[in-house]
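Take a look at the structures below.
Look at the two complexes coming up: subunit A is in both, with subunit B in one and subunit C in the other.
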Partner chain A sequence: MLLSSSLFSGFSPEIPAPAFIMTKLLEWLFGVSVVGAAWALVSFDLLDLSLPQTYREVAWPMPLYLLVSFGCYSLATVGYRVATFNDCDEASNELQEQIKEAKEDLRKKGLKM
Partner chain B sequence: MATGVDQAVGMSLVVFSLLLFTYYSVWVIILPFVDSDHILHMYFLPREYSVILPGIAAVILLLCIGAFTAVIMWKNRKPKKVD
Partner chain C sequence: MASRKTSPNRDSRDKYSILLPTYNERENLPLIVWLLVKYFGESGYNYEIIVIDDGSPDGTLEVAEQLQKIYGEDKILLRPRATKLGLGTAYIHGIKHATGNFIIIMDADLSHHPKFIPEFIEKQKEGDYDLVSGTRYQGNGGVYGWDLRRKLISRGANFLTQVLLRPGASDLTGSFRLYKRAVLESLVERCVSKGYVFQMEMIIRARQLSYTIGEVPISFVDRVYGESKLGGNEIVSFVKGLITLFATT
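Right after this comes the complex of A and B.
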């Protein structure tokens, strides 16, 4: 990518030519469209593959199934984090120590508290 | 530390989501491959409802989120008017 952009930018030294680099958005759009096309192919039988009716019945609610799976995963993650929520004792002690040090330092420099 | 109530709530959330995932997977993916006169079909609603019920749930959820957001924004806007 870098090589091609430097090659193409030789035409106009002032303005760098737009190199073909896939942004994250493009990547996601590409992936989603590929998956969506595959889903549409199977569930609406666009190519007349004469798939069994059962396959189409399974494939048709797949987007919703993925959504429900994602919801379940999110719920489970939240629940697990709630169950294993912990205190950060070490960090708390460290912070208290630093506050003490800072107060000492400021007092040395003549700040009244 | 997480108290006993926290742990109970969290673990029940995990168990609930796992149960929901398993039930929905069986309903959507496995059930079409089972004969329609099999006894397993007794425990599930007709297939249309596997789309309708999550749809209703999604609509209710979105309505709740919208109402929550509206209430929060409405509450936050009030003090600015007083100033």
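Right after this comes the complex of A and C.
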């Protein structure tokens, strides 16, 4: 399961709301700025660390690489999940059978449809 | 409330209130009620069915009254409203009248099969979860009657939501769930969204409040009778809802 770790904590505090909730938007902005700052530091050598040229050459196109690989990962994941999305044929057949049974039984019990 | 594993379900003090919001479900209502009675009868859990009809012009309420006569007023409760006030407020209305310590929310259109309810209940007891959500996206879960396009949209939207919101549950837009009563009350109080997005917000807020979530794979069968009411512009409202939740939760 996707969510095993936090699931088994086994208790539910009555009023668990934290005083300040970081919205997902803020979390993302924060994350992106941290990564962006690190990237700028290395690619433009902002701190004058005199990093070797190769570091800068690798770092410079990194955002594009990350974006492209994330895009590929997304497409692959969604594609796989669409392909493996269960078609519940038996569920539908079972329901059809039960609908017949139910209608008959309800008629006997005096329901006027 | 602790689970009583040793005694049969019949002796358990737990009671499950099933909320069935209906709008023009004359054909489906008797069938879903019949199935609920069947599966609760077999599993022996204590239950009540609360039908919240919003003045359906097709006479759903009359059918519900007949069902009440057949199955008894302790099992079928009618809490109708005069006009169509929407799904979100229908739940709030239903909760007020529920006497169970657990509440099950499901559609009345046969997309959600009552056979899964005993599994929901066992799952809940297993981890003392605050809520148990049905999921179409995991294990043996799935759908019936969907074409490739609809599957693609559904999976794509779900992936995007997982990436942006990391909700800790795999099926956000599904509405087949079991809640501890107090948990549902506190969630409903906080949720502001309408319609489609309401289900998403419920589960996001649940995670935010560190409620524990269990999941049970379900098969979702497209409605056989009647018309879809939420259809319209589902994608637009989904995107709007996603952005709102992204910025506010």
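Going forward, the second predicted complex is superposed on the first by the 67 of 113 C-alpha atoms of A that agree within 3 Å, B and C clash if a C-alpha of one lies under 4 Å from a C-alpha of the other, contacts with A are read in each partner's own complex, and residues count from 1 in each chain.
In this text, a residue touches a chain if its C-beta (ideal position, glycine included) is under 8 Å from a C-beta of that chain, and two chains touch if they have at least 3 such contacts.
This is a predicted model, so every value here is computed, not measured.
Visitor: Looking at the overlay, does A:86 come into contact with subunit B only (first), subunit C only (second), both, or neither?
Guide: both
Visitor: Kindly classify A:33 by the partners it touches after superposition: subunit B alone (first), subunit C alone (second), both, or neither?
Guide: neither
Visitor: Looking at subunit A, does subunit C or subunit B touch more of its residues?
Guide: C
Visitor: Now for A:25: first (subunit B), second (subunit C), both, or neither, which partner does it touch?
Guide: Once the two structures are laid over each other on A, A:25 reaches subunit C alone.
Visitor: Does subunit B (first) or subunit C (second) touch A:78, or do both, or does neither?
Guide: Both partners, subunit B and subunit C.
Visitor: Which residues of subunit A are in contact with subunit B in one complex and with subunit C in the other?
Guide: 78, 81-82, 85-87
Visitor: Touching subunit A in the complex: which residues of subunit C?
Guide: Interface residues on subunit C, with respect to subunit A: 26-27, 30-31, 34-35, 63, 66-67, 70, 110, 113, 127-130, 137-138, 140-146, 148, 151-152, 154-156, 159, 163-166, 168-170, 180, 183, 208-215, 219-221, 224, 245-249.
Visitor: Given the complex with subunit C, which residues does subunit A contribute to the contact?
Guide: Answer in residue numbers: 1-3, 6-10, 12-13, 16-17, 21, 23-25, 28, 74, 77-78, 81-82, 85-89, 91-92, 95, 98-99, 102-103, 105-106, 109-113.
Visitor: So in the complex, the part of subunit B that touches subunit A is made up of which residues?
Guide: Listed in rising order, the residues of subunit B that touch subunit A are 1-2, 6-7, 9-14, 16-18, 20-21, 24-25, 28-29, 32-33, 47, 50-51, 54-55, 58.
Visitor: Of all residues in subunit A, which touch subunit B in the complex?
Guide: Subunit A residues touching subunit B: 54, 57-58, 61, 64-65, 67-69, 71-73, 75-76, 78-87.
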